[in-house]
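Look for chain A in each of the two complexes below; its partner is chain B in the first and chain C in the second.
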Partner chain A sequence: MAWNAPRRRLASRGVSVYPWVAAYSFRRHAAYPLGAFAEAITNTVFGFVRAWIVLALWDARPGLGGYTAADAVAFCFITQAMIGPVQIFGGLELTQRIRSGEVAVDLHRPVDLQGWWLADDLGRAAGTLALRGVPPMAAGLWAFDLTLPGPAGWAAFAAAMLLAVVTGFALRYLVALTAFWLHDDRGMQAVSLIMSMFFSGMVLPLVVFPGALGEIARMLPWAALIQMPADVFLGRCSGAELWSVYAFQAFWAAVLLAAGRALTAAARRRLVIHGG
Partner chain B sequence: MIEVRDVRKTFTVRSGRLRRRRTMVRAVDGVSFTVREGEFVGYLGSNGAGKSTTIKMLTGILTPTSGSVRVAGLDPARRRTALARRIGVVFGQRTTLWWDLPLRDSLTLIRHLYRVDPVEHRRRLEELTELLDLGPFLGTPVRQLSLGQRMRGDLAAALLHAPPLLVLDEPTIGLDVVSKATVRGFLERLNAEHGTTILLTTHDLGDIERLCRRVMIIDRGRLAYDGDLERLRTSVAADRMLVVDLARPAPPVQLDGIGVERVDGPRQWLRVPRGMNAAAVVAALARRYEIADIALREPDIEEVVTRLYRTSGAFGAE
Partner chain C sequence: MRTYGLLAWTWLRAAAQYPASMLLLGLATAMVAALDLAGIALLFAHTPRIAGFTAEEVLFLYGTSAMSFAIADTLLGGTERLGEHVRRGTLDTMLVRPVSPLIQIAAEEFTPRRMAKLLPPAAVLAVVLPRLPVEWTPGRIAMVPVMLVSGVVIFAAIWVLTASVQFVVIEVHPATKSITYGGAFLTQYPMTLYAREFVRGMTFVIPLAFVNWQPGLYVLDRPDPLGLPEALRLASPAVAVLLSAVAATAWRAGLRHYRSTGS
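Right after this comes the complex of A and B.
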């Protein structure tokens, strides 16, 4: 009986749950260092492959896209290090939860669905950063002559990374929500993978894309995920330029998060929970 | 505590590869009921009858196509978040716990989720730990818990914010006899001692018989029965069974109005229609046969429900 007595006090007390979600997600993703290490090795090996390819390319066309050879190699390794945190290959656990019907549990919680998963994803990105981000960068530094930022450059890069993670989440959240409508999400995942690999600059820096294709590619949201933070890392943006990079990233993050909210509301209206 | 008025929920199902056909499925088709504070109500139905859909509308996960729902004074679909703070929900086939975290950490996260005062939290956790015997596995990651342990953990998770209403969607599914008994005993105490209103969805009739005075039965999206468990037995007019051991094996006995259900050596199962005096049947039997032993069995709930489903035309299901 005594349980129900002091409930008025409860609503006003305590901090928001989101930091806790992020903290536990961080712990969860830092909990399997061996698996992360295997992925880091793969990311590093591909860093070398890409570095040798761009060295050959920049040997034939020095100064291509305004990058020096050291810039281009640094681009390869910093973007390899970003694969994990930005999760450029796509995917969000929410997709499986929608497919299995587990999402019913998430929808019952007294929190915002998108906010919950954003907090979870920020924790994941932080947990992945050290385990999957540091090895490729360290190996690149050891083997090649790279362009590196100074302390202010690192700080500027950290901010751009945070915005990249949020924008990447907003995109993956949208893709995950389509599982409410499409009973097989593989097609959607494949399309989003191609788009994000190509238009983020992961395959080739967007600075070498010629003409209109380059103009368009640099305006799409995927540019905010890899190309822009990498340019900040290489010190190619300073002062007003840096702020315009942040504004571009924040713009796409806001637009995509808003789209995610609208789609969440639509999903709620015509929701079918799978598996009874 | 719960007010449901003429609620309907229809889903559109698409089928066919080239020519997409769209069919409307009425999962819940005009259901009304009221659950008062402190009641312990069983909500019964076969697979696909509309149980889980009703529960999801009560918790605000699904929006009804038409009709009105009020739970703890709120409209669930509009005030989902506020409602979630006032009710506890357990989905038997799913878990609210975090797979990779120890049970204790999941419960801490739930404290933050529902913004429970730390002192209150500690007190309730202690009580729930004792009642549900969580102590031995509080530090174990959820993925390593047995189904019975996980269910007890889920019950604790649903009750840490002391909701006045607990909604259970098949909480004993897949549990062994001992775990079932623990869960049932706990629910009984929760209802009796804390006055928590409980709506229990199940197709385990043992749960209903042990726990619920009132039962609602849904069939093909409509309420086929709502009332006393005892009245259900009589209103469905399920027959009683007279099990007779004759002194020696005999052909099926011949008595007016009595059907023989089964014969196994000297033992015979006689169906005694409701309304017929069992004593008179026994007397008539004793005059004509030598009887070694005799037992009269009341229809059990399974039989009652089976019969109800078979005759649910009479309850207006179609």
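Right after this comes the complex of A and C.
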């Protein structure tokens, strides 16, 4: 068990490597504010167009899905602000490392592969939120009448956001690992993009999905990424309802992370076969 | 033009080495393009009209915009990666070859997958055109292909223009996506949805209104909500030519400005 020695040494000093991974990832993703600001501009422009579209819909159907027009507009901007942190368009750096074979180095590290990348992703999400979250919200506030949470609402939203990032990571990690078997991950990536765009509420809030489609969409993991945190943001969940949202998000995060662990173990065996 | 075809064919053959992957990716690309369509369908599940426009009329706008964008994206969408070539220094390799770098970048990794984006708008137009409640005069019939071609040229010019900016500032690329992809998205809906100043900007600053909105008003026989002169409805081809000239000038200026990377 020589490969395990550094971990035990670190652990014996009470130092965990994960916070460092997260901190360096945060630094890396916060290092290019200009590029991030440019991304935020595009997120903001899309926010405006989406807001005008939903305003027209709520103008024709006031109170649709239990949202007021101000709720619907706030939904557009908060979800545009979440694109970066939740990385709803998919992708994980790990994919390129699997394709190039560099993942062998990752697997040799005396740390857990999934844990390492989760820490990395949390750092990324924090850095991206700081740089790309504020501009769309600020612009939306300046131009429209928005529903905003109070201090308690912001805290509730922060927790939902954290769970959304973890669930999102768990999904993207699964997609990334399929590269071990498929070699070309682009097909998987595209399928997961379609699912996450449509079923998360990015196209339109899930509250306007009619009948059974809406019910199914609300049970799928993608609802935990955008729709649920946005509902918390709009103050539509309080007390027991809030806890049921957290439980839903935590359930999917746990299930998907567990699936990721199982797949990691299988991939480890797969890589040995491949490495001959 | 011949070189573009030759290069595109080469990349196409390369992609065809993995037929299953190509087919799957093509299918997925078509579905991503159909997501916008799903959004429109969801809207009209709740209301017969949006900002005064019926489902057929909005689908007509979607079909023309998405069709024009898909063709322009297939032909020139690759120029988006100019900044990457500048950063990696691979643009230098392109410059020493006896083919225009614009053609090389545009044809790079040309795959039939990008053409799969054409499927949803083509299907929508085939269904919706005969159902539009308009009197099909020769002028209106002629306007449909004219607006599609003008739309392609306008989007293509926008691709080249936004790429040219990357000669000067690479980091600006993510923001230009608001004009390219954002333009493709916002032209799928009637401009009556948007604020008046915004529509004015989309008419006179970034002429996205000429992709399908102004000619669309002509085909659908509707008054301009901003009260702009009727002549603008027929101006799309002229705008397309003008914007192409601007884009060509910008590209040449950018290429002259380019001083390679490194120390």
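We adopt the following convention: the second predicted complex is superposed on the first by the 259 of 276 C-alpha atoms of A that agree within 3 Å, B and C clash if a C-alpha of one lies under 4 Å from a C-alpha of the other, contacts with A are read in each partner's own complex, and residues count from 1 in each chain.
Assume a contact is a pair of C-beta atoms (placed from the backbone, for glycine too) under 8 Å apart; a residue touches a chain by one contact, two chains touch by 3 or more.
Remember, it's a predicted structure, so these values are computed and weren't measured experimentally.
Undergrad: Looking at A:Trp181 after the superposition, I want to know if it touches chain B, chain C, both of them or none. Which is it: first, second, both, neither?
TA: neither
Undergrad: Does chain B (first) or chain C (second) touch A:Arg269, or do both, or does neither?
TA: In the superposed model, A:Arg269 contacts chain B only, not chain C.
Undergrad: Considering only touches as defined above, state whether A:Leu57 meets chain B (first), chain C (second), both or neither.
TA: second
Undergrad: Return first, second, both or neither, reflecting whether A:Trp20 touches chain B, chain C, both chains, or no partner chain.
TA: The first partner, chain B, only.
Undergrad: Output check: A:Phe251 vs chain B and chain C. Expected answer is one of first, second, both, neither. What do you get?
TA: neither
Undergrad: Which partner does A:Val105 contact after superposing on A: first (chain B), second (chain C), both, neither?
TA: Only chain B; A:Val105 stays clear of chain C.
Undergrad: What does chain A use to touch chain C in their complex?
TA: Residue positions touching the partner: 32, 34-35, 37-39, 41-42, 44-46, 48-49, 52-53, 55-57, 59-61, 64, 184, 186-187, 190-191, 193-194, 197-198, 203-204, 208-210.
Undergrad: Please name which positions on chain C make contact with chain A in the complex.
TA: Of all residues in chain C, those touching chain A are 18, 21, 24-25, 28-29, 31-32, 35, 38-39, 42-43, 45-47, 49-51, 171-175, 177-178, 181-182, 185-186, 189, 193-195, 198.
Undergrad: Over in the complex, which chain A residues touch chain B? Could you list them?
TA: Its residues touching chain B are 1, 3-4, 6-7, 9-17, 20-21, 24, 27-28, 31, 101-102, 104-105, 107-111, 268-269, 271-273, 275-276.
Undergrad: Report the residues of chain B in contact with chain A in the complex, numbered from low to high.
TA: Result: residues 11, 47-48, 52, 56, 59-63, 80-82, 84-85, 89, 91, 93-96, 98, 100-101, 105, 108-109, 111-118, 120, 124, 161-162, 164, 193-195 of chain B touch chain A.
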